[in-house]
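Accompanying notes for the structure given below.
Order as written gives the chain letters A, B, C and D; numbering starts at 1 within each chain.
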Amino acid sequence: MIGVAVVGCGYWGPNVIRNFSALEDCALRGICELDARRLEPLKRRYPAVRATSDYDELLGDPDVDAVAICTPTASHFPLASAALSAGKHVFVEKPLTDSVDTAEQLVELAETSERILQVDHIFVYSGAVQKIRSVIDEGKIGDLLYVDCVRVNLGLFQSDLNVVWDLAAHDVSIISYLVNQIPEWISAIGSAHYGPLESQAYVTIKYRDPLLAHVHVNWLAPVKLRSTLIGGSKQMIVYNDLEPSEKIRIYDKGVTLLGDRHSRERALVDYRTGDMFAPHIERTEPLEQACRTFLAAIKTRTPPLTDGRAGLAVVRILDAAQRSMRKSGERIYLEPTR
Amino acid sequence: MIGVAVVGCGYWGPNVIRNFSALEDCALRGICELDARRLEPLKRRYPAVRATSDYDELLGDPDVDAVAICTPTASHFPLASAALSAGKHVFVEKPLTDSVDTAEQLVELAETSERILQVDHIFVYSGAVQKIRSVIDEGKIGDLLYVDCVRVNLGLFQSDLNVVWDLAAHDVSIISYLVNQIPEWISAIGSAHYGPLESQAYVTIKYRDPLLAHVHVNWLAPVKLRSTLIGGSKQMIVYNDLEPSEKIRIYDKGVTLLGDRHSRERALVDYRTGDMFAPHIERTEPLEQACRTFLAAIKTRTPPLTDGRAGLAVVRILDAAQRSMRKSGERIYLEPTR
Amino acid sequence: MIGVAVVGCGYWGPNVIRNFSALEDCALRGICELDARRLEPLKRRYPAVRATSDYDELLGDPDVDAVAICTPTASHFPLASAALSAGKHVFVEKPLTDSVDTAEQLVELAETSERILQVDHIFVYSGAVQKIRSVIDEGKIGDLLYVDCVRVNLGLFQSDLNVVWDLAAHDVSIISYLVNQIPEWISAIGSAHYGPLESQAYVTIKYRDPLLAHVHVNWLAPVKLRSTLIGGSKQMIVYNDLEPSEKIRIYDKGVTLLGDRHSRERALVDYRTGDMFAPHIERTEPLEQACRTFLAAIKTRTPPLTDGRAGLAVVRILDAAQRSMRKSGERIYLEPTR
Amino acid sequence: MIGVAVVGCGYWGPNVIRNFSALEDCALRGICELDARRLEPLKRRYPAVRATSDYDELLGDPDVDAVAICTPTASHFPLASAALSAGKHVFVEKPLTDSVDTAEQLVELAETSERILQVDHIFVYSGAVQKIRSVIDEGKIGDLLYVDCVRVNLGLFQSDLNVVWDLAAHDVSIISYLVNQIPEWISAIGSAHYGPLESQAYVTIKYRDPLLAHVHVNWLAPVKLRSTLIGGSKQMIVYNDLEPSEKIRIYDKGVTLLGDRHSRERALVDYRTGDMFAPHIERTEPLEQACRTFLAAIKTRTPPLTDGRAGLAVVRILDAAQRSMRKSGERIYLEPTR
């Protein structure tokens, strides 16, 4: 029985509490929140759970094996490093931290303390993204040519993060998981419409040729869109997360180059238009899968899909995008990872 | 009665022939095409029209007042300059030419010869774009914050133009018409998947703050998308050209900044979610409108909506995008127009 | 403070419990369920609430002012009549009962005992249906010509009710609320594909000329559809309950008869095609509105929108549809209501 | 070389003219139309073709082997019987005629005169319907349980035909082709909103158990819908003719009965939810296929898919629907066909 405490009961925390309190092999031991108005209803709902505004109290509790951190991003580093130092496993909301430096420190701390560090990059645990990954792995899609992501809606403006760290964190984690490469460079352009933080951004991520990824994130769009186009040399995929069913559509379509690829002359191409196939996807709550993965990782001492290193890789890309936005869209080359 | 000759009977030419042959106050006088297999069926369909492979023959015909050029882009400049020099009015497919220099020469030539030069930027003549422009002009949308265009499909790869000169020419003409500004800079990233020409590109066009425009064009997408998001400070528009009806949806939605806009602190914002309105749009063929406009411009000697200068403005942007693509996405600042 | 007890903790009961436990001016006093496996988790979640398998225990509790009945339809009559006889107000899942006779008895019992009897015809409390009703009431839609409802999906087969009593109950309650008339006759055709109960049915409901309503319900459809077309002489409405936003679209479209309406000759008509308007609808949980309405009805002693009489009107139509299905689609004329 | 003459140049005639004039192995010999304003532009477009207002002139022309009749339905019988009597093959717009009696006479006349009689039930020749038929024939769909058709839009009111003879003719021809059975009975309910002809109707067609077909046709709907649900015991199909691609979606979904089918007890069922598959469909113009089929039928003397007997079968169903509408929705049993 793994004892879990959750810190931060704002928008997402209650979902994490609900999941950890319902999973077998796991006991919700504590809830920590500074705002008494948020803590009160949770106290009533979970009367047997220690509810406190004192984080250290939870860290000192020997029944707490793991801490789930659902607080604003700026506090991820101090809270996670304290938990790891206290010997707790850590499940932390995305993004891992708000800087490469702190993310690297957390990864190192988790490794030296031999604790599990998992970032809640929730879409990686969705049936849809898992299915796309397996389609790519089977090789039917051919070489990946591009990944194009659109994640736009009206709001919710964050107070401490721009739209890249907020929304693009999802797409970057999905792309990183699907592509399984370190990018060569990142370039980004953003607009801050209200206040100092960017509320719209275009992020380009260049992988090994010919693969290019691009993300449009926007808090100021009139409609909600969550769509990803994945172009392969043999097949192509449309992933629309808002579809109630058929979230993934695989198109047996493509282009065949006739003649010499490197011809300076015109490309003579032929189009292949075939069937479309929408594989059945199990409807599981991605957060439940993420929580189960965390518990399994603790038991088996094997790193989860979105471990600290995966979370760090995402932070490196978001940080590069941010730096590029501040430098007129200049290409930011990622240094080789330690 | 204005006599019109059409040169180029490939993909689009027959549509132009059909329209000019049907319009009142206008007579189709000639058809010119080098490929006899294309010319033959048109000869049979329009037995009273002079059909030839000799362009000069048409230019020498005093009954031909105007020439419509529907040939590959590389030939636009020589054919249009010859026609203007011969005193003919010119209607030319988009883009005007394939370089800023030649586009400038055509504009000058049209002005000195006092002939009408119109580029067939067809979407500008669509009921949808006309309606969006009138909504913007009425001011209900507030300040324009962004224009985001997606124009993707499978094929048709062009042999002499990349996807920017082919597909983005449409979006750039629409944006230019709606925004009515000279951009500050252009930046673009492209990928050439088959042969030397880019088949996918992302083009960013920066206008006066806060306005940013962005275009995704792609010949390698599994689905056909033609959508434009237009964000205003008061209202927002979604324009989906593939919708059979309700191509335009106007959303009475927005964000209100609470407190100081330039605060270094968090933006406190409030969301406004209201009705959606899809104005009725007359179903007219945009090409018919373009042809009518050309004839009216000849009669009244007033420049059409997409005259040579408008076409040149589009070419400047496409040329800058091309240069940026070749320079790693570097920002290309447009020089002040002569 | 109104004390509420909920009986039946299957599919829907927990939602009713959640709502009554959260509303102000109301206290959840008891939960009744025969199946211990369902009762246990609710006991843990609501430790302060009396949880029992003995319904009479709840009826004997003076702190229980009202009972919400969320059990299979066949048990609605005995449970509701016992509650009303014990002086409790009753909130009962749809349909009110499974026969006209029992529904009439409940209405009478509620009236003689001066208790509130409300049927949970939940869609009547939705923002969408409320908005449609107000559009109809304003008269802009003109005369109602038809209401066409489609409610199809795969499953959930009920064990004690056919698809008419299950799914069409929703549409009949919506239509009854919008139309506000007693139908003249009902006709229905159904198919029983698995077992003795109809899993697909078409129900026609004839109101005063020219109004005709029609409902297609189906447990055997590959896709989920929830759509209603409402034709008026001046405007028309499409209500798609699966749309995340814009559930209602009002079309300023219609037909104008040119010349004599009763001409034996051809109808000369003219089409009017105008704007489409999707009014903003507040996103409230319909069940919460239904629960609030019930509490307000108790306090003010005014009948709720879907009181016993409204529930009886629905049962009369469902019963007539069932009789028609068994009689080859014969028209069943409704007797004048007592 | 088969000589074809077309009579009737209203809405559909010009499309038939265009197709027959373009097909190889076929020559357009004549055009007949009473309205000079319609005939004039066709004369100019097809200067080599005999254009006349005298139908007998065409029938007397030995170069005319076949006549395509695109006139109002009431004239189909006299025009087609005259043509067949003159030894011409006949291609006639749907429906074949406006009564069972006249349809039977034409079928008999075609057979005795050994001429081809083909009804232009155009959807039967579409790639989508052909694909659905082959899916059914392969048996993967299992037993057909239901076919549900919706064909609604605003207009076009016909002056001589109600919505059943106009729109439902399409669905009845599709259903007849797919189902390949004689129905047991037909029942229909209609409403005449403007003038004497029904502008909305619901038609039920009962085939051998368990198959039920249902058609909703409506000239007074605010949106255009063209959708067909086909339920099989193993798979189900959604056919949406308005989809630009993926017109057919095959769902590997179904219900499995657990236990005894004829149990008076509740049906215990299990749901199977699997993949969705949208087969690629060739984009061919259905009318072109229909015209090609007609020419091939003449050459090979084999009856086309929609020969006179198929057209008569449709007329029998439409006639029964009409009679049912006039008799309060009474079931009309089809007599065994001669």
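As a convention for this text, contacts are C-beta pairs under 8 Å (C-beta built on N, C-alpha and C of every residue); 3 or more make two chains touch, one makes a residue touch a chain.
Keep in mind that this is a model prediction, so the values were computed, not measured.
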Report the chain whose mean Cα position is at the greatest distance from that of chain A.
D
Which pair, C-D or B-C, has more C-beta contacts?
C-D
What whole-Å value do you get for the distance between chain C and chain D if each is reduced to the mean of its CA atoms?
39
Using mean C-alpha positions as chain centres, tell me how far chain B is from chain C in Å, no decimals.
53
Any chance you could list the residues of chain B touching two or more other chains?
223, 245, 273
Under the definition above, what is the set of chain C residues touching chain B in their complex?
245-246, 252, 273-280
Give every residue of chain A touching chain C within the complex, in rising order.
45, 47, 223-224, 242, 244-245
Using the touch definition up top, name the residues of chain C that touch chain D in the complex.
145-146, 148, 150, 152, 154-155, 157, 159-160, 187, 189, 191, 193-197, 200, 202, 204, 210, 212, 214, 216, 218-223, 229, 231, 233, 236-238, 249, 251, 253, 255, 257, 261, 263-269, 271, 273, 328-329, 331
